[in-house]
Structure formats: structure tokens, C-alpha cells
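After this come two complexes, each holding chain A, first together with chain B and then together with chain C.
Right, the complex of A and B next:
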């Protein structure tokens, strides 16, 4: 295996454990074409981005005002953030926080122009490549001084997830959620199914479910991204964390026979998928699980939102999950999985940042407290707090188990579209390739892999 | 009796025609009906029973109520209104001035001017987004206070000394891009106004602007009404400019309010259906109010001797 650059060896140590997990990727990225005409300005800004001045006095300030750009537009998380903001105002000498909420989809589409225009002081975002990209462009302000005061509350892995390529810290991690295989306890009980721990048992179980008239594995890929979750986990477990992360950033070739093996392995379970999955959304597939028409579903913890929305508390009580089964490879012991982390960052181009910097930093510090994260989590329980001192005793069984499965993993990734460059994870690239694979999983994938590699090669340097 | 004789006169072709028409109506009405139907059902009902099912929990307006409060629709209606009404009015005024000058008077470049305006209509707006974004970020404007409506403020000109992220910025770009099309349509209409009318006005001593305001514009009322309906729909539907030139969620137009109803992962389609119904109402109202003029605009001139 040839490497042009060594991975940074980023590690995660999970709350309540001593396990160190390398996390995330080494990325040197220049996404010039992505932002087309803004590139030169971004480069100029990056050139201007200096180090942070460390002061001996407190980096935070009370009172005054600050602004916050948020993509938490859905009613539930929006309320969670408002609760946090109210608590912050109270705790920080009446600091006025002006929140600008933009709907989730628009926020992501707009992020480039947003950060170069007149952004708010603090903004919500994702870790991984998506964070490093804006750090590299000089659009995010380093917050090493805040981090130095709060880092004791985070494991080393979370610490690495918020570090830019230049070694500075750019974000405060606030929540995460894992991907796993979800099922209904009552369905498993009724048919006396056992939780499969290896690939053969998994396939046998699927076969049995088919005989019992269930769709063994719910699957939906109308939106393109859900299939990447299955690719991630198979590649991680078959070829290891290092290979997967290097593949995501182009240091390994898509034409590699190891990628062919992933597709071959995948084709063993595609016959058990929901019929017509290419036209289903994840909510429709989740509905199959909820209505006991499907047996299992590999998805993120957010699948529970569909169970909450069903209005029947018993549905939610029956929802459970198990980790992806072992494949009998050397990499099983890594227990690697996708667990995306959401973060808060500071926008360098905010016109008010020079005046509000103390308040903005106070807010980031406030966000890193377990009590704050629990306040948010109580209003919006879809994701799990990151702080060590978050009071886990209030977690329901599902959340506890989710925190456990992540702490049991020795390697964690952020999900394909957060780990790879955006122009390689869109509908015209990876999402499209996976859909064309899934249209005929038994195909010889060499020509498809060739297409993937030549698409990667055709991308402009980032 | 003629009435009794009628059934005998129904020909097979007529039955086929009506069957065809009825099926077309069904095809067109069905999606709308389905959206209305599901907007009246709570999401838990459709998750449990699917979208193709009879309601178990009964129908209710709860989704509409939620949309109205959760997505703060009244404010977003206001946002769009603040942009659309001045933009439509100014576009029509400016376009009618150009069309008036180009069609009612003979001067050297009148045809060229008209062609330039028409050509401007062909320019895809996407081409100029980057320079436009830069221009908006570096155009200073005076801050002249603001009008507060509930939790929303409507600033006069700007609230951040820039053209970026302002109602007036979106308004201006709509005027710029719609004037070309409006000029094209209005000039074609004005060509049908006979020269004798304006000439006799000149003989009567009317000033150029007076001819435009008192004679040509009233004659163009049908065309203006038709244009107003179209422009209002265009601007009402716009998502693109606000996406690019506005960053404040609370200032964005009604089309973006619908997106506020979607979560990061979970989408309550019943709620969105209810929202879409409410959002569709204003353009329909505009059409109904201007309908009379609109139809007159289509047929006016057809029966002139």
C-alpha cells in the first residue's frame, strides 16, 4: 500500500472508557472550482488568516450581544437551541443573542456565499472534511483559546475531529449519532430470531425472514445518500479504516480489487432489499420497519424520528438496534462505524465579530458544557451530547445503547459525504455510481470502478 | 319538443370528447385533491396506514394550524408582499416608459433600444451571480430606520449599510430582470394603438409625459393587468435570488417558509401539503382579481374594424 502522506493518527477516547479511537481523515484540500469565482478571494483570505492571539486575561465577555447563524429550522431542534440561548443569556450577564435560522437545505446550499458575505458570529456546522474545508479557506476563525479552557470535557477523538489541517481548533463538537442495524423487538420475539453477530448468521436470518413473508432488509435510495452508509460499513469492515479513509480522499484507487470485493459482498444481501428501493425515501423504508413489513434497516439513529411521528409510543418502545455483524476479516476488531458529529464554529468574516468576540467565545464555551448539551438534547433527543460531564442517567435505553455502540468502536468515520469532497459525493458522482451498481448488483463492477476512478481523476485540485 | 329530442342528437364523437375531457380533468385535479386530502390528515395516520387509505382518526385542520404558527406564514407572506408589490409596480412603470418611447415616436435608435431590452431578457440570470454577489456586498446604502411588524422589522433601504441581505436588493434585481420581458410585451401591445390618437393629443397641446400617463397607459390597461399577473407569479415563485442575495432566514420570501417545515432528516409531508396549499392562495387571488382584465387583454383588438 503506497501512501503519499501518513494519516494524522487522530484519536477519539470515549466518555467513560479509556479506548482510543483514531478518527477522521488527513485532508489537504483546495476546493477551488466548487466556489468558482470566489476562489481568489478565499485564497486571499486564507493567506491573511494568521494565528490566534492568546491573551492572559479571560477570552470571554459577559453582557453585550452576539449573533448566531443556525440551520436548526425544524420546530423541535429550533426550540432546543432557543432553550440553550435563553440559558446562555441568563448565565452570561444578559448577553443578547440574535439568532438567524435558515432552513436546513438552504443553509447547506448557501454556506459558501453565507460565510463570505456578512455571516453571524457563531454558526452551526459539521465536523470532518466539511469543517476543514472552510478552515483552509480562512472563512472560519480558530478558537484555540476557548478550546484550551474546555478541552478537558472532551475525549481526544472529539478533539481531533475539530482540528483543522493547520493544527488549530475550529469548532466545538456538540452532538453525534451512530449508524447501526435497526429492528423491532416484538418482531424478533414473535419469530424468535436471534441477533446475528456474523455475516453468515446475518444472511441466514435474512433468508428466514424472507420465508416468513417479511422484507428482510428495508432499503431506500431515492435520495442517493442512504446507500453510502452501506458502502461505508462494508468497506470499513472488509478493508479497514485506513483504506476507507484513504479511498475517500483519493489516496487509494477506486479500481482496487478490494473495492470490487466490497461490491461482491454487498451483492449477497441486495436480494433481501425492499422492492423498488430506488424510488423510496428513507421515511418510506422506515415505515416498512414500523409496520412490521420489514425485518431490519441499516440507518442512522434518526430513524427513530419516524417512530416518534407515528404517534404510537409502543412503536418507539419496540425500536432497537444491533451493530453491523462481523465479516470474518482482520478489521472486525476495529468495530468501525459512521457516527457524524455536529459542531458550532466562529465565522471569521462576521462584521460584528471584532466587537462580539468575547461573547461569541463565551457562547462556544457554554455549548461545550454537558449541562447545556443536555438542555438541547432534552428538547431535541435525536443526537447524543459529546461532553464528558453530560448527565447520561437521563438517557432512554436507545440513546444509552447508541452511546455504548460508539464507545465500543475503535474507529469512527463521519459518513461518506462528510469524509470525501462534496463534488465526489453528489448525485452525479458517488450517489449515481452506487445507484447504477444497485440496479444490477451481480454485474462485473470493473467498468463501474473505472468510471469512479476516472471521475475522481477529472476533479479539479481542491 | 326540442328538449326531449336532444338525447337522440348525442353523437358518439361527443361522448368520446366528454370522456376525454373528464379524464383530463381527473388527471389534473387528482394530485391537487390528493394533496388537500392528505393535508387534512395527521402524519401519524398516514405513517400507520399509508397515503392510500381512508382516514382512521378523522380529518382535521390541525396541519393548517401548525403551518400557520410553526412556519410563521403571515410574516413570510408579508416578506414576499414587500418585495413583489413595489417590484411589479416599478417594472410596469419603467417598461411602459421604454415601450412608449420606442413605439410612439420615431427616433434613430428606437428599434435598437427595443432590441437591447428584448435581448436582455434572454440573458440567463445565473451567468452574473458571482459579480452580482460582489456588487451587492460592496454597495453602501444609508440606514433610514425601520418599520417594526411583530418580531420582524422592515428596514427602509437597509439595516446593515449594504445592498446584500436586503428587501430592496431582491426588489431591484427583479425589476432589472423583468423589465426586458415587460418592455417586449408592452411595446408589441402599444404598436396596436393608432398613431392618430397620440398625434391628436399632441395637437391638443399635451406634454409627452401627459400622453403617456393619460392616454397610452389607460389604453394599455389589459396588457398591464396581464403583465402584472405574470410578473407577480414570477416574483412570488422566485427562490433563486433570495437564496443568493439574502442570508437572514426571517427576511426570506414565502417560498422558503415551506422549507422551514422540513427537518434535517424527517419530513412531515402532510404538513408540507398544508403549507403548499396556503402558499398557493395569493397568486390565485391575484389571478381572480385581474382575470377580467387578463381575458380582455387576450381578445382586445381582435374585433377592431
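Right, the complex of A and C next:
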């Protein structure tokens, strides 16, 4: 992934420092084209403002002010972040934090122009390929100095997840959640089901549930992305972590027979899925599990949100999960799974970053503390703190188990749309391809795989 | 400002330099008038260029690039006709989306619009509670298409939706997947679009019907024409200007169809439309600005057809 263009024209580098001065403050033809490309005033203003010179003098600073762009727009996590920000202001000599919260979907869709316009100093984002993309484009600022002071608080898995392609660290991981197969303990007890540990048992259990009048596997794909979770785990367990991650970034071909095998395997469980799943949202499928209409559900830990929302604390107490069953391949032992990590990063083009970098770094350092993450987790328990020194004694059984399953995994992926290119994982690409597979799982997938590959090949260099 | 009192004729070379004729009438433009006129024409023209022509030309230009929204467009971004080549040969969603737009247009033209006209004709007479009926049919028009999408999403939901529950089609053997089945979901959302479109057409047509000279109808009646004959032979031809407006509205609605499909499932799995492909490719996180622009150019070319027809007719009648 080499950068094809210099993102900001010529620059003078002051001798003996890393300070860069932008030369092109006037509007160029390219700038004008760029404005046309966005049609947005924000980009225009950014172009007029020129690049920001970043200095790396002292690592952190107290007092002053900083800004924070957040996609935590749902009420529950939004409050969690506010709690954290308040605690930070108190602990850091009264640093004023201006939080700009944007609707999650909008934020994600506009991330490109946001980071090139006038972003806040610190912003919320995802780890993995999606983080490295913006690091490569020079839109995220490296934070090796902060990381050096806090890295002792993270496992190697987390450390790897925040490294850019250039070896620098670009983010602080703050929370994560695993994907696994969720079920209700009381339903399993009532029918005396056993937890399946291999694929055959898993299918037998599904068959039994069908006889017992349950929807064996809750599934919903109106949103398009949930099906990727099943693809990920099957590909990881059948073809291994290396193949999966290479496939996600185009180093392997979608026409590979190993991909065909994944679809074939998948078709063995699609008959047990919720009826009309292509028209259901994940919340509706979660309700099927909640209301004991469905037996199992492969989803992220956030499925618990629906159990919290039911208002009956017993529902949440009954929620449990088991790891994806072994498939009898060489890759079972990797125990690989999707465990997306949410991170905080620094935006290179923030107009205020040169003044606020000390405060921004202090905030990132603050976010890496276990106590901070617990503050957030208490308000928003759908994801698990990443810091080693987070006080785990307060975790309920489900959270503890979720933390265990991830620490037991030898390989961790970030979920398809974070591990692959965004233009390949959108509604009119991978999501659509998977839906057309699911419309007829028994089909010969070679033509579908051909479409996937030719779509990949058509994409411009990243 | 007036410097001369020579009588002015419009074709005189000095026209425009003068203020008043001998009779004191103003029949040519002064410099001041010209300035005012220039401002009155210039400001809208400038807005037109900045907000319509400039983005249009930029889109056309960008459609020849592989620009991905990051950094600036450079010469090495230009890739010739590759976007168009891929769109027509490799991109499996272009022709389905095109077909969906055509189905949308056909549905509106042959079902929704005639229905709206029918309601307008039925409600254009003195029946009791006519105001109530008109309000009922017009109500959906007040709602934005996004809201319409939300409302119908709830109606069509497979297990929790109103429709399947009324039809008792929620068990696993007979469930109807209105929004998830790519064979029927387009028609499901067309029903939603119709729900709104009918009221829109009805109001426009009703306004037109009010202006039809009642003596025409009476004369037709005296001649022994029945209601259907009166409408098709007398009223409909008289309504020609309104009919053109209705045709144009219908085709524009079909071309700009976007909101409902996007609300339902972001326009995938059978709900692909050209407008949605543009959005999902260029404005979303994907940022395939070049490719999205190429689709936009095609949509522009298609849109030009009804626009040119409409404008040429309007100009001819004037």
C-alpha cells in the first residue's frame, strides 16, 4: 500500500526538526477540483487554511482546551463518554473538552471529508485496516510518544491492532467485544440441550431445535453487515487467519476454491435460519432469541443491549454464549474470531492540534487507563475495557467470559468491514453479494465469486 | 444621467443611452436600467453556474478519474473511459438498477399517476365529505419520503409488521418477506411510493380540473356524451398543459427515486436504483468518487430526455 500522491503539495522541513511548513497556501487547480469533488464548504475552508505544522515537544499538557469528535451518538455510550470527559477535565487541571457528537452512520460515511476538513483533535474510530488506511493517507497523527508511556497496559494483540503499515502507533484501543454464538441458559436447560463443540453436534442440535418448534439459528441480514460475521468465522476456521486477512486486502482471489468451500459449508446451516431473514434487522432477530422463539444467534456481545432493553433483569442473566464449534480443520486451534476494537485517534489536519496536542495526548493517555475505561464501561456495558489494569472484579459473568474467549484466541480479526476496503464492504458490494448468495445458498457460487473478484479488480488503487 | 433629448427609436444605434422620448415616455433602457438588469440576470446566472453547472461539469470531469476522495485530483488520477467500461460490462448492479428505475417509472406512469387522476376526477364533484377525502389522500404528500419509508418499513416487517400479522403470514412456513425477498421488495416499496404519489398527482390535477370551463361539460352533456366520454374527449384534451406537468412530475419522481429504498435497506438486495448506486459509491465511506460520478453522468443523460421534451414543448407553446 504505497501512497500514490503527496497529500499536501510541497513543504519545507525545518533542519533538525520534524516541523513542516506548508508552502501552498493559495488555491491551486487541484484545490479547486477537490472542492468540486466534495461540494462542501468545509473542504474549501480547510484548503484555505493550509496544513497544520505538528510539533512533538512535551508529551502532555494540563489545563487549556481540546476538541473531540465522537460517533458515540446513542444515548447510552454518549453518556459514558461524557462521564469520561468530565473525569478527564477534573484530573487534567480543568482542560476544557469540546465534544462534537455526530450520528454514527453519518460519521462513518463522511469520515473521509471529515478528516480532510476541520476535524477535532481527537476522534473515535476503529482499529485494523480502517485505521491503517487513514494513517497511510496522512490524515492521522502518529502517537508513538503516548504509546511508549502506556504500552505496558496492553497485551501484544492490542499493540498490533493499533500499528500502522509504517510501524508507527496511531491509536489507543479502548474497548472491544467478541462475536460468538449466544443462547438462553433457561431454554437449553428446559430442552436439556448440550453445548455443541463440533460442527456435526452443532447441526444435530439445530435439527433437534427445529423438531422442538424453535427457530434453531436466529439470523437477520437486512442491515447487510451481519452476514459478514458468519463468513468471517467460517473462513477463519476453514482456511485460517492468514488466508482470511489476505483475502480481505486482495492478496488472495475471491475465485479461490477455498472461498467456494466456505459457501458450501455455510449452506449446511442456512436451512436453520430465521424465516425471512433478509427482511429482518439484527434487533428483530435478537428479540427472537430473547422471546425464546430462536435457540442460538451468532452475533457480537452487543446483542446483550436487547436483553438489557427488555427491562427484565432475568433476561440478561439467562444470556450466555459458546465459542464457534470446531470444524475439524487445521485452523481450529487458532481459535480465531472477530473481536472489533474501538479506538481513539488524533487527526493530523485538526486546525487546533498544534496548540492542543499536549492536551490531546493527555486525553489519549487518560483513555488508556483501566479506571477510565471502567467509568465508560459502567455507563455503557456493551463492550469490554482493553486495559490490563481495568478492575475486572466488577464484571458480570457474561463480560468475564467474553474477555476470556478473546484472550484465549490466538488470532483476532476486526470484522470484515474493518479488515477490508470500505468500498468493497458496502451495501452495493460485499453486503449485496452475500445477500444474493443467501437468497439461494445451494447455488454453484463460481459465478458469484467471479463477480466479487471482478468488482475487487475494478477498484482504484487504495 | 440624461444627456440628450434626441428622440429614441429602439433600433437606433444610440438606443439605451437615452432616457426619455419627446413625449416623456420611457421605451429604452438607461445605463442604470442595464445595470439593474445585469444584476437581476447576473446573480441568478452566477448561482446557476456555481450550484448547477459547476457541479455538473465537475462530475463529468471526475467521472474520468479514479479519485477516491482523499487528497487532490491529479493528472495521474485520470483513467480515461475505464469507469464507463466497467459500469457497462463488469459492474453487475448497473443494469439491474437501471431496470428498477424503468419499473419505477412504468409503475408510476401506468398505476400511480392514473390512480391520482381518477381520485381527482372522483373528488371534483359535490359529494358529501369531499374535503375529508381530499385531506386523507393528500396527507401522505405532506410527509417526507424518509418518513414514508419508516412508516412502511414497520408495516412490511416480516414478523412484527402489521401486514403479515393481519394476513396471518408470520409462521415459518408461510411468512412473506416483503422487504427481504428481491423478487417482491421493489413492488412493496412501490406501494409505499404510490401511497404518496397518488395524493400529489390528485392535488395537481384537482387544481387543473377546477379551471376547466364548466360550459364545455354542459355542452358535451347536451350533446349526449356520458361521463367517460366527457372526460376523455373534452376535459382531458383541455387539460393538456396540466397533463404535461403531470408527465414531467411522474418521470422526475421515477428518476429521483431514492429515499424509500435507502431507508429500507440502503438500496441493496433488489432495491438498487441509479441514485442509490451514486450515493453508495461516491458519498459513503466507500468514496469511489470517480466511479459514482460516472453513474451520475449516465443518470444526467437519462434525465435530459424528459427535461428536453418538456422544455421544447413549453417553448413551442409560447
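Note that in this section the second predicted complex is superposed on the first by the 404 of 462 C-alpha atoms of A that agree within 3 Å, B and C clash if a C-alpha of one lies under 4 Å from a C-alpha of the other, contacts with A are read in each partner's own complex, and residues count from 1 in each chain.
Throughout what follows, a residue touches a chain if its C-beta (ideal position, glycine included) is under 8 Å from a C-beta of that chain, and two chains touch if they have at least 3 such contacts.
Here the structure is a predicted model, which means the values were calculated and not measured.
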{"item": "A:318 touches, of chain B and chain C: first, second, both or neither?", "value": "neither"}
{"item": "First (chain B), second (chain C), both or neither touched by A:215", "value": "second"}
{"item": "Contacts of A:109 with chain B and chain C, given as first, second, both or neither", "value": "both"}
{"item": "Touched partner set for A:245, first chain B, second chain C, both or neither", "value": "neither"}
{"item": "Chain B versus chain C as contact partner of A:305, first or second or both or neither", "value": "first"}
{"item": "Chain touching more of chain A, residue-wise (chain B, chain C)", "value": "C"}
{"item": "Which of chain B and chain C A:454 touches, first, second, both or neither", "value": "second"}
{"item": "A:119 touches, of chain B and chain C: first, second, both or neither?", "value": "first"}
{"item": "First (chain B), second (chain C), both or neither touched by A:224", "value": "second"}
{"item": "Interface residues of chain A shared between complexes with chain B and chain C", "value": "36-38, 109, 113"}
{"item": "Residues of chain A touching chain C in the complex", "value": "4-8, 28, 30-31, 33-34, 36-39, 108-109, 111-113, 116, 137, 139, 215, 221-224, 275-280, 284, 288, 422-423, 426-429, 431-432, 435-436, 439, 451, 454-455, 457-462"}
{"item": "Residues of chain B defined as touching chain A within the complex", "value": "42-45, 47-48, 50, 70, 130-131, 133, 137, 160, 162, 164-165, 243-244, 247-250, 252, 256, 259-260, 262-268"}
{"item": "Touching residues (chain side chain A, partner chain B) in the complex", "value": "36-38, 69, 71, 73-77, 100-106, 109-110, 113-114, 117-119, 281-283, 287, 290-291, 300, 302, 305-306, 309-312, 351, 382"}
{"item": "In the complex with chain A, residue positions of chain C that touch it", "value": "54-55, 58, 61-62, 66-74, 76, 79, 86, 90-93, 156-160, 171-173, 175-182, 185, 264-269, 272, 276-277, 280-281, 283-291"}
